[in-house]
Structures are given as structure tokens and as C-alpha cells.
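The two complexes that follow have chain A in common; it is paired with chain B in the first and with chain C in the second.
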Partner chain A sequence: MTDLTAFTALGAAQPRLASFEALDIRENPELALASLALRRGSIRPAPFGLHLPEPGRWVAGQGVAAFWVGPDQWMIEAEGRAEENFAADLKQASPDCTVTEQTDGWIVFEIVSRSGRAPLEELLSKLVNIDLADFELGRATRTGLEDMSCFVIRRNETHVAVMGARSFAGSLWHALETAVSRLQT
Partner chain B sequence: MLIPHPILGSRDAREFTYLGDVRLVDRPDPTGPDAEAAFCDYVFLRDNPAGVHRELWFHEQGDRSCLVVTRSTITHDILGAELARDFALARKRGGE
Partner chain C sequence: MTRLSGGLVDRSQTLNFTFDGKQYHGYPGDTLASALLANGVRLMGRSFKYHRPRGVFSAGSEEPNALVELRSGARQEPNTRATVAELFEGLVARSQNRWPSLGFDALAVNDLLSPFFTAGFYYKTFMWPKAFWEMLYEPAIRKAAGLGSLSMQADPDAYDKGFLHCDVLVIGGGPAGLAAVLTAARSGARVILADEDFRLGGRLLAETETLDGAPATDWISALETEFESLPNVRVMRRTTVFGVFDHGIYGAVERVSDHLAEPGDKVRQTLWRITAKRAILASGATERPIAFADNDRPGIMLAGAMRAYANRWAACPSKTIAVFTNNDDGHRTARDLAAKGVHVAAVIDARREARARGDYRVIAGGMVTGSRGRLGLRAIEVSTNGRREWIECGSLGVSGGWNPNVHLTSHHRGRPVWNEALQAFLPGADGPAGLLPVGAAAGHFSTAQTLRSGAEAALRALTELAIAAAPPVLPQSEESGYGVAPIFHVAGKKRAWVDFQNDVTVKDLKIAHAENMRPVEHLKRYTTLGMATDQGKTSNVTGLAVMAELTGKSIPETGTTIFRPPYTPVTISVLGGGDTGPHFRPRRLTPTHNWAEAQGAVFVETGQWMRAEYFPRQSETHWRQSVDRETKAVRSAVGLCDVSTLGKVDVQGADAGEFLNRLYSNVMDTLKVGRVRYGLMLREDGFAYDDGTCARLAEDHYVVTTTTANAGLVYRNMEFARQCLWPELDVQVISTTDAWAQIAVAGPKSRALLTRIVDGFDLSNDAFPFMACAELVVCGGLRARLFRISFSGELAFEIAVPARYGHALMERLMQAGADLGATPYGVEALSVLRVEKGHVGGSELNGQSTAAMLGLGKMVSQKKDAIGAVMSRREGLAGDIRRIVGLQPVERAGKVVAGSHLFTVGAPQNLDTDQGWITSACYSPHVGSMIGLGFLENGDQRIGEVIVAANPVEGESERLRIVPAHFVDPEGARLRD
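Moving on, here comes the complex of A and B:
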């Protein structure tokens, strides 16, 4: 087989990482993604033991997580399984649902704060129109970020993931990096 | 402007795309005897009310649902919003 070199969405062999005073931004190319949609009349499944969340929410299980994306529709995440056929596993776990592979359609940036929730919330308040008073652990929403449509997921108090279309990975990185660097001035 | 999304609560209007008058939901029967005239009205004719107006808004940067938003064109007050799917299903049930 032809010997091909894999690149991440930002065009490098290694995922990009930027460290700032309080925040780190890390490209996460290891996250497998698949969408799951109920068919008419089908019963809500519990793939890999996940209790599929209500609108606007995200839940984590053992190595997998899920967030709501639309009525009767969820995105399922599996950390470290981007190289595998995760969608096939999900289809097997929820055979009555429609499952679509999403891994390479999205770019995921993990933003982690090293000094509490304040810098993270300051960043979000500049970038997205989300009511932060209500954006606690386990919330996930799709919104606009500099005119790009993104999912924003609150993984914990000091950790937020921003997920955008892979085709604008560079622009999204630029938006995040610029906003974080301006927090320090 | 905030739109009261029936599932997600108040959302910024900038997340939405305006799709037009709600009468677009009532697409005429293309096999009907007067289909050409009906489609001509459907495509080109709109009321232009001063006051309460029902219109379709698509939550593009959100959950991708289509809403029927009731809005006053005089005051820009948003008087209500419901899922277009529920609206269309209720219409269909009412018409049968």
C-alpha cells in the first residue's frame, strides 16, 4: 500500500498546542465522532450505557460522551478512537437508529484553564453569545463564533471544547488564539 | 433581538436565518387542475401587513430546526414561536 503521511486538520504531523498564561488550546485529532438519529417511532437507545441527554446538554460515560444536537438527534464522542470505525460500533450498539460517521467532518479544540473558571468564562464572553450564568458543567450548544457555526461544550468547570467544521479549522484556531492572547493585555 | 426557541429558550436572532412568510408551508398540490396559477400565487404573492405577522425562521447556527415566529411588524415584538414541524402537523390534522 502507498505510504501516506497523515496530517491533522491544521496541516501538521502533530496536533497544535498553544499555551498562554491561564489557558491552553489543544487540537484534539483523537476524538471519534458519530451522529445518532432516532427514526420515527423508534425507542431512545442507551449506546455504551450512555443516557442520551436532553436539549442543550452533554453527558460523559466510560470513554464515550454524547451531546444533543437537534430534536431526536445526538453526537456521540469517543476519545482516542478517531482511527477506528467507531460509527460501526455505535450502529451495532443502537441498530434501530440512523448512525453517520462524523469524525473527519469536524475539528475539535480543547480549551483548558489552569487558574479556575474565570479566564475561560472571560474568553467565552468575548467569543460566543451564550448566557454564561447558565452554561455550567454538562451544557452543550451550537452557536455562532465569528460567523462560524460551532458546538461549544462545557466538559467541566475549567474545560471547554469548541467544535467547528474541519474546512475552517485554520480560521477557528486563529479566532480562538487571537481572543486568548488578548485576554492577557 | 431574542427569539424564544420552544426547545432551547431565548436565542440570539443572529443565529437564525429568515425564510419568509409562513404561507410557504401550504405548498399547493402540483397535480391539481389549477396548479400553475396556484404556484404563481404561492411563489410571488405575499401580504404585507402592518401588525401581526407569522414567519419562518431557520435556526441555522443552532439545532437546525425551523420555527414559526409570530411577530409584530409595527413594534418588532416577538409574540411567540413554535416548531414549524408541530405547526405543519397541526394544520394537516386540522385539514383532514
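Moving on, here comes the complex of A and C:
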């Protein structure tokens, strides 16, 4: 184990958490990420038992999840395994596929509502041009957010993840925090 | 005049406000205009050009006259329409465009000089001397003729934006809009109602007619209650839909807290982008005046507005009024005001067959031909069959008919269609797809018609969306006619205003006609008709009707000008979306950003990235001192630079080598595993566009690096090539730019330093030679990638670790290399090092250079094809004889200035003799003078020649010696050491 200290994308030793009236925003540095792409002739795998989803969709399994990111390509998530070489495990689970480590390519913010879906959807309507009627549990999409490219994942009715490129962490946090704080007034 | 009885104001509470410093009071529900009228204030502004006294003219967003500066301090807002400014406690408003006061305006002298200020006077008067236009005329004219003034302070308020989606967007909350919402809401469809007013009801609030025998407000209240109970309905008051954009997208501004003294924690306004499957346009109609001599005195207003002030706001400008009309609607005003106890002196109806609808005098076939009253109307002159009489009145309601608000239907260049019976333009069939005009906006002027049309359009929209709906039971209402006669102006010699805000008169239109500015678009620009902040809502149709009369053409033949967004003025602040200052746009920070900040680094924007430019030490007072020191440290010891911003693309697959062969101009599939090769990419047109390295980590796995600037572009082009050009290739790509922190470790002691952090990895020249790469473990078990590449020309490496460890790795390297002289360096030193080495950068790869110009001609392989390879051999490119050279001043202290152009000594300096230019320049501590790189004709064959670098902008000229573009270690021994 290395003796170097890891810093989160927001530049601190500990992940940032902010609680607002109805919503919590939590930086999630523990999520391991790796992309998985089919090669010519490879059969669509089911890594860790995941049924790889169709475009615009996200599926969750035991501690792992996947969402579609491009033709024959998915992002695989593994909760709490960011410090491991998760990409190597995934490659082992899907040897015929191309696997690329993505863990530190992204900043992941988990946004959870403590008052049902309304505050969450109100927040999303201020941030992203997504038709919320068609953005139920299990939907994932790539979209623009304050001039940043992000993935938005509906983990459940009251839980959305926003993923942006790691280097944008500060700006993305500012955008989320500003929008959430405005909901309270 | 004080308040009338009734009205929709809340008399249980009083609101205090000031206008031009004088204290007044009004009630919740008032607008500034209604409250001023209720306080007996008729004079509210001065006109744009002639500074004529003006009063409120309308009761809505079409207002041309009553523009004020609202609020004070940094929140002062010019050109605010008093008719839509909601009254609040402590409101402060001032009149504008007058000096020293509204009652006595010195610039009213312009009115006496009006013969000189007619249409086109700018173009004729201020011709010479030419230079005076910018220096004198324009500033003087702008100062004299104008609107409100800016606070010159930053806007203290926050603005927001958002996105909404719905099945049906209803624009306008009048009877037609409400009937549409009612129909759609009950079907379960997702409905948004946007209304610019602060109270739903539209024209129903201004009329006395009943619905089902009860006040219309009863019906409206019931609907509001129902809408609020339905989760599928969103009612947005104070929200103006200002434009129709592509694909069913509507722009809307919600004035969240404009009605409050200060927004407090709220945002001031929100810009909404609404995506609607269908939209119903219930924007109503705007009344138009009839132009007559001196028709702009305070107290003269639209008849429908006068009625609205009386019915909704219980306000009337005077105790005695008159009405001038060409249609039945004018009589409503007389009837309603008489019922409120206002004395109606006469209704002058231009139609000969007109008759009274109540207890008031009607002058059938009459025309108003003049008016009196300096700061407010006192009397009007009426001419009937050649007989003239003066009628005393403090206010005159004028109705020349109603123009449907077709603006939004024309935002996609849809052309409105003239309707002879209604004497109005109606929405054409070529409007935006999915936008259905209803109610008065579609030419339905009775309440019964508007209700029906709203419900029917909603049913049609829902049917198209396959949503089942039932027609609602609509309230019983009036089916009145309208009977408008085609009278737009009263002939006469005196000035008759058409466009009040821009001071355009019938006479100006005649001048435009006489001077052949007859097409409507010319007419508009020559006279400025419809070009003010109200965009001619009350004047356009009248203006072109007058032009039609002058040309003898019909109104439809004359046509209309193009309507464009926004429908009403939109603030720049809300369009900006609210983020200002450092948050104006997102920033990308490197993994070592916080570390660099702690070291006191000075940062520079490179695209969206913030990069350390240099790391000043306390004793250093000039940036050059820091940069020279950092540069020397790399040449003599070891330097550390965060290069994470370079694009990194992971390329895998059985055909990855072939794929890269087709993208890079040079060959990549022969690259051995564990090795790196420099690569050049060409655009389709054959010019060079990006360079970088390509490392082969495994047989089927490459890592490509790009320049910082082109990281996104190269990745996008790769995806395009993979998915669209060559889908048959087995190749997968994904960006890993942000995933890895990459640090350049450069200098003769770089190997010594790295040896201290790698876990059992042989860094010797034999084991890990120049252009080697490897995956390895560092710092006690951290996975890393190491590349032996050099941008500086020294022995150098780039080491990459997962981004979260970048900060700690930099600290570790600094710590471990303290005795070796490890020094952080920024992009400024990076640039000096690469110029010294003759490596090309963004200034050379500027999109106009060929591989040959860069000295990389041999990198365009003849053995295989690649994007841009064929085009690079075309005559125009292959014939370019400019080549990259190094440049050094003949005198050691001489300057080398980037951008200077190169000429033969003694030759004249012009485009014909121009031989090239300097692309990059810097002070080189290694050489001890300034140096530069540049493109020069046949440069590679002119080594040793002295040329002139001219910088005519600064009047500078310098003699430079042409040298090879490698100022450091031309043999490349150091980097192979």
C-alpha cells in the first residue's frame, strides 16, 4: 500500500458534504469506475452479474452498477473500491472486452432528497435540460450542466448522481451548491 | 382625479412610493402607472427626440411613453414601463430624458427645431467633416436624445436559469389561455401556463362583462384553485414568453422578485428554456391609435387602456373624458366610465352611421383634428362635415382597432396575413410548427369566441399528442361584434404621432415616401418607426397603413417588417444566467493546483485550465527572474511541472495500430511495445493540427497524448473516425485526461530523483532508454506509468499516477529531490525550454502550417495513407517554401518580438516582400539573449544570413541572424544520456 495521501477532486483529504433544507450533496470519492467496451466479435458480458443496460439506462447489482455511455460501451461503478485496481478486476471478469480505468477521471456527487422527489426534480430543472417525466429510476444521460459535460444518473426516486470530469470539481460543486441554496428561498 | 369605486386593488393596505421625489400612495394590485393616474399625475415622461411632454398611453407591456428609471443606487433600472411595474412599498421612480425637471425641460427646445429633425436628418445633416461624426455629432446626439441612464454600478442581484418540459405550453392567461389550460389540465397532460401579468385573467380583468352572469374574477378564481390542485399544471405568473426557437423551444423570463423592493435571498429573474410538444399562443391583441394633429399630449391614451384603468385599477386621468374611435369597442370605454361616474363629454366616432350605446353624446362621422394643453390635455378639436368645435376634456381615449399580437408566430419568419374585415394582420399558416394561435391573437375578439378558440386549440393539440380529452363546459359570455372602419390617421398639416417612443410622425412617413424609402424595411430604418424599446407595438400597423395610403398600394401588398425575439425587453443579466466574476465560466484545475497555490504560483488561463505560470520566490520582483531561475534549474538539475492538462486518450483493440496509422501522418503500427513515438496529425485539408506522443503499452493498447488545447478535438475526431469512417476496425477509445496526474521530471538529475521513488524499477539507460514507456509501481505500491520523453531537450521523464495522488506525488518528488535542486516550473519556463530546443508549440501549430514548414515533412509517410496526407501534397501546400528557423539578434541586447515580419535587409517592407514572421520569442538564459522561432521563405537554406524583423505597430525594426531551430544540444545527446 502506498504511503502517499490521496486527495479528493475538491482538493481535501475528506470528501465534502453539504446539507441543505431538503437535499444533501455528497462528494463520493470511494466509487471505482472503469469503462467496458465490446471488441469485434466479443459477446456482451455480464460482469459481476450485471445485465448491461440499453442506451439511456443504468442498472445496479450487488455493490456494482453500470450505465450506457456509447455504442457497445458502458461505465461500470463499484462502490467503495476506488483505492483498488478495479479496472484489473473488471478485465478479469470480461477478458474479451476493452477495459479502461476511469476512477479518477470523474468527480461524483450524490444528491439525495430527504423530502421526496419534488426538491430533487426542482433542482434538476435548474441544472440540466432533461425531461423529468422520462427520467425515472434507472435512467442515465450525458448532458450539459453550466457548460460542463456531465452524466446524470437517477439512482432512485430521491437520489441522483451527477458525474463531471474531475478537473471541473470546484466549478461543478459551485453550480450544484448555488442551485440548491436557491431552492431554499 | 382620485380613485373611482370598485377595481381589483386591495384597499385594506396602503403602499407609499415616490415619483420624481414626490410622495404618493397606492394599493397592492396597482401598477406604477395606475397609482400615478389615481394620484392625478398625467405627465410621466418626455419624448425621445423632441422632448415633448408625455403621459401613459397604454395599460400593458406595449407602453411607448411612460418609461421611468425605477429603483435607486445600483438597482436603478432605466426605461422601465410604468404600466408593468408592480407597485411595492417604498418604490422609487424618476422620470427620464429631461433636464432640469419633467415639468420644465430645457431640451424641449428641440420641439421648436422640429423642422430640422425630421426622418433621415442624421444622414443629411451630420455629413462633414467626416471625422466629426464619431468625435462630436454622435456623442452630442446621444446625450440630447435618449432614454434612461445607467447606474454605472454592478448589478447586485442574482439571476437564475432553468429548463422545463411539457406537453402543452399556454402563452397568456386571458380568457383564451385559461380555456386552453382548463381543457388540457383535465386531460392529465403536462401543462405550463405562462402569463406576463401578476394576476391571471388578461383582458377579463379590464372589462365589466360577466361570465355565467357573475363577475369574471369568480370564474378565474375557481380555475386558479383547480389548477393549483393539479400536479400536472404549472402556473407561471410574471413570466413573459419572449421568443420561439427551434424544435419547440420557447424562451421565457420569470420576474421572480421584480415586484419586491429588494430580492433578499431570492433571485431577481429566471430565464426558462421551455421545451413544449405543443404551444397555444393566447397573447391577446394590442389596441392601435388613430393618428391626428397633436395626439401625443398627456391624457390622450388608448381607449381600452382608459377602460382598464377604470375597471381594474379604479383610476381615471380626469373627471371629464372623451373617446375617439372607429369601432364599437370605443363605446365600451364611454359606457364603462360613465357607469363609474366619469363625465363623458363626447364619443367622436369616425363612422358616419355610429350611434350611442349609452347616455353620452356621439359625434358620428367626426374626427379629432387637434388638441390643447401644454403639460396635459385640456381640450380637443373635433371636425364634423367641415364644422369645427373645441370640446373640453382632460383625457381622450383613442381606438383605431385592435392588432392581434402575432409576434411569436413570426419568429420563424412566418408572415402574418391581412384580414380585411378585421382590418388587422392575423397569424399566417407558416408560423412555428406546433404553435397554435387562439383568442384575440388569432382575431377572435368576443369573449365567447376567445373561450371557444382556446378550448378547441387545446383539444386539437391533445389529439395530435394522442392524449384523450373532453371539451370543457365554458361559461356563458358575450358574442359582441366589433365593426372596425379602416381609418388610421386624420389628414392634416400639423404633426400627428404614429410611433410615440421614437417620435415618428405621419409627416416623417411622407418624407420617407417622397425620398423613395417605401419598402417597409426601408421605411422602418429611415424613420426609426418601431425601432424603440416597445418595438412599435402600438405603431407598426398604423405606420405601414399610412405608407400604403401614400403609395396607393394595399396594406397586405405593403407587408410587415420581420418580428424577432424578444417580444418585450429582456435584461442582459438574465440572459447571462447569473454567474459573474470567477464563476463566469467553469475552470479546470490540475491535480497539483492546491499545492501550486500554496507555493505562491501565479496562474494563467490556458483554455479552461488554470495552470501554474511560474513560481515566484520572495526575492524575485519580476517574472523574468522566476522564469530564468526555473529554466536554469531544469538545464542544470531537475525541474517538476504538472503536465496533466495534455490530452490522454486510451486506444485499444486488435486494429488499434492500423487505426492510429490512419490518424497520424507517420507510422504507428510498427511501434514496439514499451516504446513511445512522436506523432503528427493533419487535418483533412492537409495542414498540421496537433502533435503529441503515442505510447504502446501492449500489443493492442496505446496511450495517445495530445496538446492541451486540442485534447477535446482530437478525442472527438477519433470517435468520429471510429464510429463513422471505419466502423469495421476493432478499436475502442476513451479519454483518460482527468484520470491521471502527470508530472514532467526534467533535467540531468531527473533519473537520480525518480530512482528514489520507483519500487524496484531499473531506470538505467539500457533498461529504460529514451522514448521508452512502462507501467510500474512507485512510492510503496502505487500503480503508475512512466514515459521517457522530453519537451525541454534534457534527460526527462513524465510520470503518471491516479489523479488523487498527484498532489502527494508532487510533494514527494520535491521532498526527495531537495538535495538535487528539484524546482517546480510553470508553463512560462516550459515554453522557454521548448523554444530553446526548437520544439513546435501552439504558435507554430496554428492551423496554417504544413508539416514541411514545421521541419517535419518526412513525418508524412509515403508508405501509407492517413487523414490529410493526400491533401498535404497538393500544389498550394507542397509549394509553400517557408520553413521553421531559429532567430537570434545580431546585437546581443537586441529584441526578438513574436508577430514581427521578416524582410531581406534593405528591401522595402510590404506584403510583396514579406518573407515570413516570428512565431515564438523569449529570453533564453541558456543563450544569454532573446531568441525566437519563425517561418521564413527557404529558411532552412539561409542559415547564417542576417534579416530584418519589422514590428511596424511599435515602429520597431531589429536585425536578426538566421540559425538552426535548436539552441540547445542539437545532437540530442542530453535526452539520450
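Criterion: the second predicted complex is superposed on the first by the 182 of 185 C-alpha atoms of A that agree within 3 Å, B and C clash if a C-alpha of one lies under 4 Å from a C-alpha of the other, contacts with A are read in each partner's own complex, and residues count from 1 in each chain.
As a working rule, a residue touches a chain if its C-beta (ideal position, glycine included) is under 8 Å from a C-beta of that chain, and two chains touch if they have at least 3 such contacts.
Quantities reported herein were computed from a predicted structural model and do not represent experimental measurements.
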{"item": "Partner chain(s) touched by A:His51 [first = chain B, second = chain C, both, neither]", "value": "neither"}
{"item": "A:Asn129 touches, of chain B and chain C: first, second, both or neither?", "value": "both"}
{"item": "Partner chain(s) touched by A:Pro71 [first = chain B, second = chain C, both, neither]", "value": "both"}
{"item": "Contacts of A:Thr103 with chain B and chain C, given as first, second, both or neither", "value": "second"}
{"item": "A:Asp3 touches, of chain B and chain C: first, second, both or neither?", "value": "second"}
{"item": "Chain B versus chain C as contact partner of A:Gly144, first or second or both or neither", "value": "first"}
{"item": "Which of chain B and chain C A:Arg114 touches, first, second, both or neither", "value": "neither"}
{"item": "Touched chain A residues, chain B compared with chain C", "value": "C"}
{"item": "Common interface positions of chain A, toward chain B and toward chain C", "value": "70-71, 129"}
{"item": "Chain A to chain B touching residues, read off their complex", "value": "55-56, 68-71, 129, 141-144, 149"}
{"item": "Residues of chain C touching chain A in the complex", "value": "158, 160-165, 190, 264-267, 273, 275, 579, 583, 585-591, 593-594, 609, 644, 650, 652-655, 719, 723, 730, 732, 734-741, 778-783, 801-809, 812"}
{"item": "Residues of chain B touching chain A in the complex", "value": "7-9, 12, 14-15, 60-65, 83, 85"}
{"item": "Chain C-facing residues of chain A, complex", "value": "1-9, 11, 29, 35, 37, 39-41, 70-71, 73, 82, 85, 98, 100-106, 125-126, 128-133, 146-148, 165-172, 174-175, 178-179, 182, 184-185"}
